[in-house]
Structures are given as structure tokens and as C-alpha cells.
Amino acid sequence: MIRFVGVSKRYPGGFEALRHINLEIEQGEMVFITGHSGAGKSTLLKLIPLLERPSRGQVLVNGVNLARLRKGRIPHLRRRVGVIFQDHQLLYDRPVYDNVALPLVIAGVPHREVGRRVRAALDKVGLLNKERSYPITLSGGEQQRVGIARAVVSRPPILIADEPTGNLDPALSAEIMGLFQEFNRVGVTLLIASHDLELIRRLGQRVVCLEHGEVIDDWAGVAA
Amino acid sequence: MAAGNPRARSNRLRQSVDAWGSAHLRALFASLGRLYRAPLPSLMTAAVIAIALALPAGFLLMLANAERVVGSWEGNAQISLFLELGTDAEHYRALARELRGHTQIDSVDVITPEAALEEFRRLSGFQEAMDLLDDNPLPPVLVVRPVSGLTPAEVDELVGDLQTQSAVEQLRLDQEWLQRLHGIMQLIQRGIWVIAVLLAVAVILVVGNTIRLDIQNRRDEIVVAKLIGATDAFIRRPFLYEGIWYGIAGGLLAALLIEVGRLLLGGPARELAVLYGSSFSLQGLGFVGILRLTLAGSLLGLLGSWTAVGRHLAAIEPR
Amino acid sequence: MAAGNPRARSNRLRQSVDAWGSAHLRALFASLGRLYRAPLPSLMTAAVIAIALALPAGFLLMLANAERVVGSWEGNAQISLFLELGTDAEHYRALARELRGHTQIDSVDVITPEAALEEFRRLSGFQEAMDLLDDNPLPPVLVVRPVSGLTPAEVDELVGDLQTQSAVEQLRLDQEWLQRLHGIMQLIQRGIWVIAVLLAVAVILVVGNTIRLDIQNRRDEIVVAKLIGATDAFIRRPFLYEGIWYGIAGGLLAALLIEVGRLLLGGPARELAVLYGSSFSLQGLGFVGILRLTLAGSLLGLLGSWTAVGRHLAAIEPR
Amino acid sequence: MIRFVGVSKRYPGGFEALRHINLEIEQGEMVFITGHSGAGKSTLLKLIPLLERPSRGQVLVNGVNLARLRKGRIPHLRRRVGVIFQDHQLLYDRPVYDNVALPLVIAGVPHREVGRRVRAALDKVGLLNKERSYPITLSGGEQQRVGIARAVVSRPPILIADEPTGNLDPALSAEIMGLFQEFNRVGVTLLIASHDLELIRRLGQRVVCLEHGEVIDDWAGVAA
């Protein structure tokens, strides 16, 4: 599904955030990325929806070499990759409903269909009663869950999450991870960057560990 | 093959046309809604555009009115035809009748040599000398008043016509100050075009600037939309519509301003007209004028937003 | 007590004045730097302001020039003094000499009765009748040409002066068309003031709108500053300076525009002048005019940013 | 130092985020606030620098009743309370140095003094080499540390932190907490909202636990 072949990323400042990464993620896999702060986790994830481009090497998604993707096709790539951001990236002047509906509106989904799917997604993250609230009136954890609802509402085959539980209490973190496992069970490929080693261990999935931009560890989970 | 099935193909075509249309409608209403939600700032921008549109349009209107006035003055300018000495009464009366039939001539007065001599005698102080004359040395004169509202060119033509009349010895048309006025009006017209260009540029800049700041303002939204897979066209559309809305609102407001201006200037203009005994009233834009103004506004608005969108949207990329 | 110590007190005062001054300087340079970092958009805003300032200033300048021209025409209008019949040569020559000494009179031509009769004989067709006259029935005439550049009021005064001369029987000054021109110019002046008010409003709106969008644009920055304990004055200051900078830049650009306009209109104006034998050239703004324009711009800019800052800064509160 | 007397907070929507809170924090204390997502931790912290106002009850800081504070004095209150935000609240168009210098510039500290103190603060969080970088080029953890440097640069007597280690790896989290303890030792009063129960337990400080806007637990740490 997703392949990194000799990928390096050097940022304009000259800093090399990723060094010669080789990684293959199968369809339907659920992979955690860990590593210290500044190890390159976010950078690695950003390469998949083309938020950054590698300075060397190739990234292939579904067999398509992203370096060869026409500019006009990028939006369609991004529609197939749901992203949950570390800093939520919500629109603070729109209610929760509009935020979650945005990917569907952009994709041109018919009006009636939109309502049904938005409510289903909000229900999944337990925010159905906050539909009309503005993100500003939500707690950090609630905003995080709005971001998750928006990422999954268009049922993308790939889901990327950058520290989705950074601001959640342990109980809620476990719940969200359970949600991810549910998505995983229906065939969604997941890549999750996280610091929460304890939680990861408990889930028993594949874990890729980065250090200074290199893969230093990659072990399949016990449950897999 | 399915692609070969004309029914299926037309269906798919219909669907994509529908999607395209509904996307446009959404952008149209979304941009309108955005302006509506911030009515005061939107109105301020529209007001600036209105002022910029109203000025050249108002000037052109004023010039058109001024040309009408000057035209009517030109019509008032009387033309004196000095006929050949000794032209007999029957002849010049016939000529006067003929000229009265001319469509561009309002009235013709005849000054007979006798009447002229009498007048001359009264005024000149040569009374004794006159009494000694056997013959009347004065020619008959026809005073021709053209219909009002002729253009300078038409007056020139009329003068040419009259000059070719066989009995006409000499012709006089006093319009030195009209020539000066024409010179001034040409200068003014040239000025108005300079101003119109300047103000069209101003409209483009104002709309462009407003849209640019609006784009920067909604940076987050654009970034998020791009992140989620919005196409450039999807993001661009509401801004372009916004520019058009600004232009249309500006155009309509400009028409309003011009009408208000007409009311303000109408008073003194009428006074002036009364002073010169003409029944002049300032002419307004009319429906076509308002339409043209609105169209010009929306085009300039589109142009302004287009420049801003082209330059600034590409610069915003999700990181 | 320490508070009573004048040295300490003056030191503290100096320090707080210093702090106040340096805070202002920082805001001043920060706002300038911000404009400088986005030169094109800043220039666009300044250009719009420039256009809005240049128009009324340019119009007023044009009107001033037009008044000069009309004044000079008025000066050119010659005044014919018909003296009493039988005034003897010695007398009217003395009068002519006296008038030539008048500061507002450029030249005085004398038409003696003999010359007039000769001319009349040549032109009138009454030759035989003239030959029969014993007396010359024509009065001596003085043709007075005022110096050029007189105002209408000064010409009126001069006419009044001449009328009281004992030998003057009748006086003629043909200026009907000048009166019309004055009527038109008054209309134009009224129009210019309407336009000036409109455009001043436009400048305030443009600056206000730009500052408003800039405030919204830098919402995050304002929120963070307020979070960290910035006073309202600290946050307001750079925006106010920004408005002033826009106004100053707009004023200077307006002066430039007017000079360019003068070059564009200078050609036809000169042609026109040559046509009427006057040595007229369009007058520019001058240093004082440029200063005034810049001052007006900065005041309007400050006013615009003040309205925007007052309304929009308070609305931004950290959450 | 800080006293909450019968404080309730009802948000405009009608939601009651805090209910009759009574709490007293002594000068030089270090207090952790925990609780589930939406329990009211952030709301409680926001009352101190007057980012929100209580709907009932009183908040006293240094003996001053905040409800009676003139509007013009609020900036001076905020200068005495360093705040570390959950979402960093950095200026992304200014380099790290400028971000950290901002509180000093606002307070009118002389130019030379600013440079010295900014570098000292950056040194403390280990970002001296990133002085000229823009926050956008920093990893999540690095941005968090810039936020901490900015909060402490003006040496405020009170420091408030809303999940300061949410996006940090365990090692870095412990390091940051050590930093906070250091500030605490020189007399700074600290209030820290956090989910990281394990870390809190290890530090052995006073912990206040919220649930649905009420204090359900308040135990002095073992080390205190």
C-alpha cells in the first residue's frame, strides 16, 4: 500500500530530518511510529499526502510514485488519505458539523448524504451532542475527536494520525485507539505517530522506531 | 462497452455538469453570505468602489449635459445673411420663405433696407447726411436662427449651405467664445479619460487589495481545505465571486451617488438655465447607463480579484 | 521620603518619558518595516489613496489655472470709451496720457474723429453722404486695454473708475460670454467640493478597510500580545502609525500623479494658449501644495486607522 | 498566593464547566491539576490571568480580588503570570528569538538586557541553537519548549502550564518537569494541568483532581 524507498528529507535550513528510510506498509496494516522529539515522525507522515516532498528516494502509494503525480491530481490523493493533525487544524469560525462536513463538500457528495455521514462520524467519536458547537468552546480532547471525525468521514482507505492522543486522558486515549482498531478491522491502513509507549505496547501492533531520522527498530506486534 | 453507450455517457455528462453547476452556485452564495455576515466592512469596500466608479461616470454625464447646453447655445447663435445690394423685395422675401422651410432653421427675420436705414438714422448721428441720400445704400439682411440643439458640425454645415445661396453677399456668425469653450471642453474630456483610467486602476487595486487581505485572513481555512483535498478551482471560486459582488454593489451604489449628485447640482444648473432663458434640466444615467456602470464594476471587480487570487492563493500551501 | 527628592523624581520622570518615546519609535519603525516587507501590497494601497487625493487636488489646481486664464481674458477684454462729441484734441490726448499712467492699464489707443470718419467712409458705403457733411458727427474714442491677469472684481473696479471720468460719454465692455463662463466655473467649483468630500471619505474608508483587514490578519499576534500582558496602547500604536504612513505615501504619490497629469494636459493647454496669443502655462502644486497634500493624506490616514482600530481591536480578546 | 472561593463557571452555551470550587495555593507551591477530558482543567487555569471570568465566586491573586481589577490593570496582572499554552500560541512569522523576547519588549525592558535574558531562557530549554529558526520549522516538542522559554523569560512569580508535556516523549517530559521543579525551588508558584498520571505520581507533588467541574480529590504529595 505505502512504500518508502531510500527516502531522505533535508529541510531548506540544511537539517536532515529523514535519512535513507526504507519501509513497506501493507494494505490493512496498523503501524505506530515512535521516537524522541525531533526524530522525524511528523516529517515521515507528511510525505504521504504530499505535504512535504522527499529530497531523495521515492514514496509510492498504491503503486503510484508520488514524485510523478501531476499537480492537478494532488487533491485526489489527499482525499484518499485521512489526516489527523497534532494541532487539530480545525476551522474555528465554523461549527463542528461544518468542520466535519468539509471533506464531503469538497468531494462534491450530495447534500442529503452529507448529513447522514457527518452524524455517523460524530456519533463514532461521541460528539453527536456538540454538532452545533464551535470548536473554541470544546476542550482540547473534544477538539481532537472532531479532527478524528473529519478524517474518517469520507472513509479514506489510508488514515494518518500525528499524536492523536497527546492531549487526552488515559481512558479517552484507550477509547480512541479502540476506534482506530475498529477502522483497521474494516480494512483501513493506519499510520500513527505516538509517544505513549505504554499504550502502544498494550495494543500489540507493529511499531517503527525512529531516531535522528533513521529507522532503528521495526518489530511486528505480538497480536499481529 | 459502457463508454460507448450514449445513454450512460449523457447521464454521466449531466451528472458532472450538475456537480459543476452546484459547485458554482455554492461558491456564489457562500461568497454572498460572507459579505452579508460582515455588512459594514463589505459596504465600506463597495462604497470606495462606488466613489471610484461614480466620478468618471458622473463627469462623462456632466460633459454630455454640457455639450447639450453648448449645442443649444450654438443654435441660439444667430447668423446674419447680408444680401447683395439692390436685391429686390420679392426676391429676398422668397428666400426668407424658403429658408424657413429648412429643417435646421428655427426662424428667419427680414430686415428691409428701409427699416435698416430708419434705424441707422435714429442711432448714428448722421441724420442730416442720410436725408440727403437719393438711394438707400444698405443691403437687405436676413437674420437666421437655427433650431436649438445642433452640434458644432451641423452648424458649420448649415453655414456652408447658406453661403452658397446665390443672393448672399456676406455671412456673419459670431461664435468666438464658443470656440474657446470647445477648446476648454476638449481639454476637460481629455482630463476625464485620464481620470477614468486612474479610477479604473483604483477599483482594480481596491478590490485586489481587499481580496488579498481576505485571502490572508482566511489562510487557515485555505490551508485546511487544501489539506483535505480541495482543488485550486474550488478554493479560487468564492474569491472571484466576491470580487464580482463587490463590483456589482459598487456599480449600483455609484448610480445612487450620481443621482444624489444630480440633485445637488440640479439647483444651480437650473438657475443658470433660467438666467439664459433656456429650459434646461440635467439628464441622468437612465437604465442603460446604470446597467453599463454595474457591468463595468463587476468586470473591474473580477479583474481585481483575479489578480489577487492568482498571486496570493498559490503562495498558501499546507506545511 | 524618596518621592519628595526632586532629583530622584526628575530621574524617574526622564526614564518614563524615555520609555514612552522609545515605545513610540519602536511602533513607528515596526509599522514602517511591515509595510516595507510587503512593498507591492503597501504600494497598491498607497496608490489608491494617491488617486483619491490627486483628483480633488488636481481639480482645484485646474480650477485655479482656469481662473488665471479667464482672468487674463478679462484683462484682454478691451474697454471702449466714447468721449463727448466735440472734446478737443488736446483734452483727449491728455486723458489718454493720464490713463496710460494707470497701473492696471496696459495700453490706450486713441481713435480720433477724423480717423474714425475715414474708416467709416471706407467701410460703410455712405461715401457720397459723408462727403456732404460739414461737421464730423463722430466722437473721439479711447480703446483701453487693461493689464492681463486682472480678476473680474478688479476689472469691474477699473470700469467704474473710467466711467467717472468727466469726458466719458459712454463705455462699452463686451463680456457676456465671460459671465457665462463664470457661471459654469461656479458650478464646477461646487462640484469639486462634492467630489473632494466624497474622495476624503474614500481615503478614510480605504485606510480603515486596509487596517481592519490587517488587524484581522494579525489576530494571532494581537491575541498573543494581549495574553502576555500588552496594554491596549501598545497594540494600537503600530496600526495608527501604519495609517499615517499610508496617508503620507499616498500624499506624495498624489503629488507625483498631479505632476504627471500636468505634463499630459500641458500640451493641449499650451496649444490653446498659443491660439489666443497668451503666454499661459499650467501652474503646479509647488512645495507648499505638496506639503499640504501630504498633511491631508496623513490626517485622513490617521482618521481611517483610528476608526478601524477603535472598532476592531477591542473585539479581539484572548480566550 | 492564589485563592478560589466558591468559584463557578457557566459558559455562554449554558454548560457549567466549574462548580463551586474552593482552593488555596500557597506561594512557592507546585500543584498539578488532573481529570478527564472536559473536566474543567483549562477553564480553571484561564481564570487566573483573567482569560475567562468566573460566573460566581471570587478569585484572589496575591490578595487582589480579580473581579475588582480595573481593565487597565489587566496587562500588569498578565505580566506577573507566565502561561504555557496547550497549543503553544507562538507567532509563526517571527523567529524563535523574537517570540521569546516579546514579553520583555512589551514590558519595556532595555534592549541589551533583552538579549541576555532571552538567551538564558533559550539555554534553559535547550534551544539556544534554534534562536534564528522559525517556529514552523521546529518539531512539536521544540515548539512546546519555545512556549516554555517565553513564559519564564520575564521571571513571573506565578507560572501556569496547560498540558506542557502533551506532545513530548517520556524522556523530554521528565526533563521539562525537572525544569519546572527548578523554577519551583527559586520560589515560583506553579499550576500544571496534565494527563500524565505516572509522571505526576513520580514527582510526588500536590495533586488536585477535577471531575465534571468539581474538586473530587486534593492530596499533598509525598515529597511535600
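Labels A, B, C and D are assigned to the chains in the order they are written; within every chain, residues are numbered from 1.
The rule we apply is simple: a contact is a pair of C-beta atoms (placed from the backbone, for glycine too) under 8 Å apart; a residue touches a chain by one contact, two chains touch by 3 or more.
Predicted model, so just to flag it, every value in this text is computed and none were measured.
Enquirer: Would you kindly say which chain has the C-alpha centre located farthest from the C-alpha centre of subunit D?
Expert: B
Enquirer: Indicate the whole-number Å distance between the mean C-alpha point of subunit A and the mean C-alpha point of subunit C.
Expert: The computed centroid separation for subunit A versus subunit C comes out at 67 Å.
Enquirer: What whole-Å value do you get for the distance between subunit C and subunit D if each is reduced to the mean of its CA atoms?
Expert: 61
Enquirer: For subunit B, give me the residues that contact two or more of the other chains.
Expert: 319
Enquirer: Which residues does subunit A have that touch at least 2 chains other than itself?
Expert: Answer for subunit A, listing residues that touch two or more other chains: there are none.
Enquirer: Line, ring, star, complete or other: which one describes how these chains touch?
Expert: ring
Enquirer: Touching pairs of chains, which are they?
Expert: By the stated definition, chains touch in these pairs: A-B, A-D, B-C, C-D.
Enquirer: Touching residues of subunit C toward subunit D in the complex: what are they?
Expert: Those in contact with subunit D are residues 19, 22-23, 26, 220-221, 223-232, 234, 318-319.
Enquirer: State the interface residues of subunit A toward subunit D in the complex, per the touch definition above.
Expert: So the residues of subunit A in touch with subunit D come to 11, 13, 15, 34-38, 42, 86-88, 133, 137, 139-142, 162-163, 166-172, 195, 197-198.
Enquirer: Which residues of subunit B touch subunit C in the complex?
Expert: Spelled out, the residues of subunit B in touch with subunit C are 41, 44-45, 47-48, 51-52, 54-55, 62, 66, 85, 124-126, 128-130, 132-133, 137-138, 177, 180-181, 183-184, 186-187, 190-191, 194-195, 198-199, 201-202, 205-206, 208-210, 212-214, 216-217, 257, 261, 264-265, 268-269, 272, 275-276.
Enquirer: Mind pulling up the subunit A residues that touch subunit B in the complex?
Expert: 46, 49, 51-52, 72, 75-79, 83, 85, 89-92, 102-103, 105-108, 150
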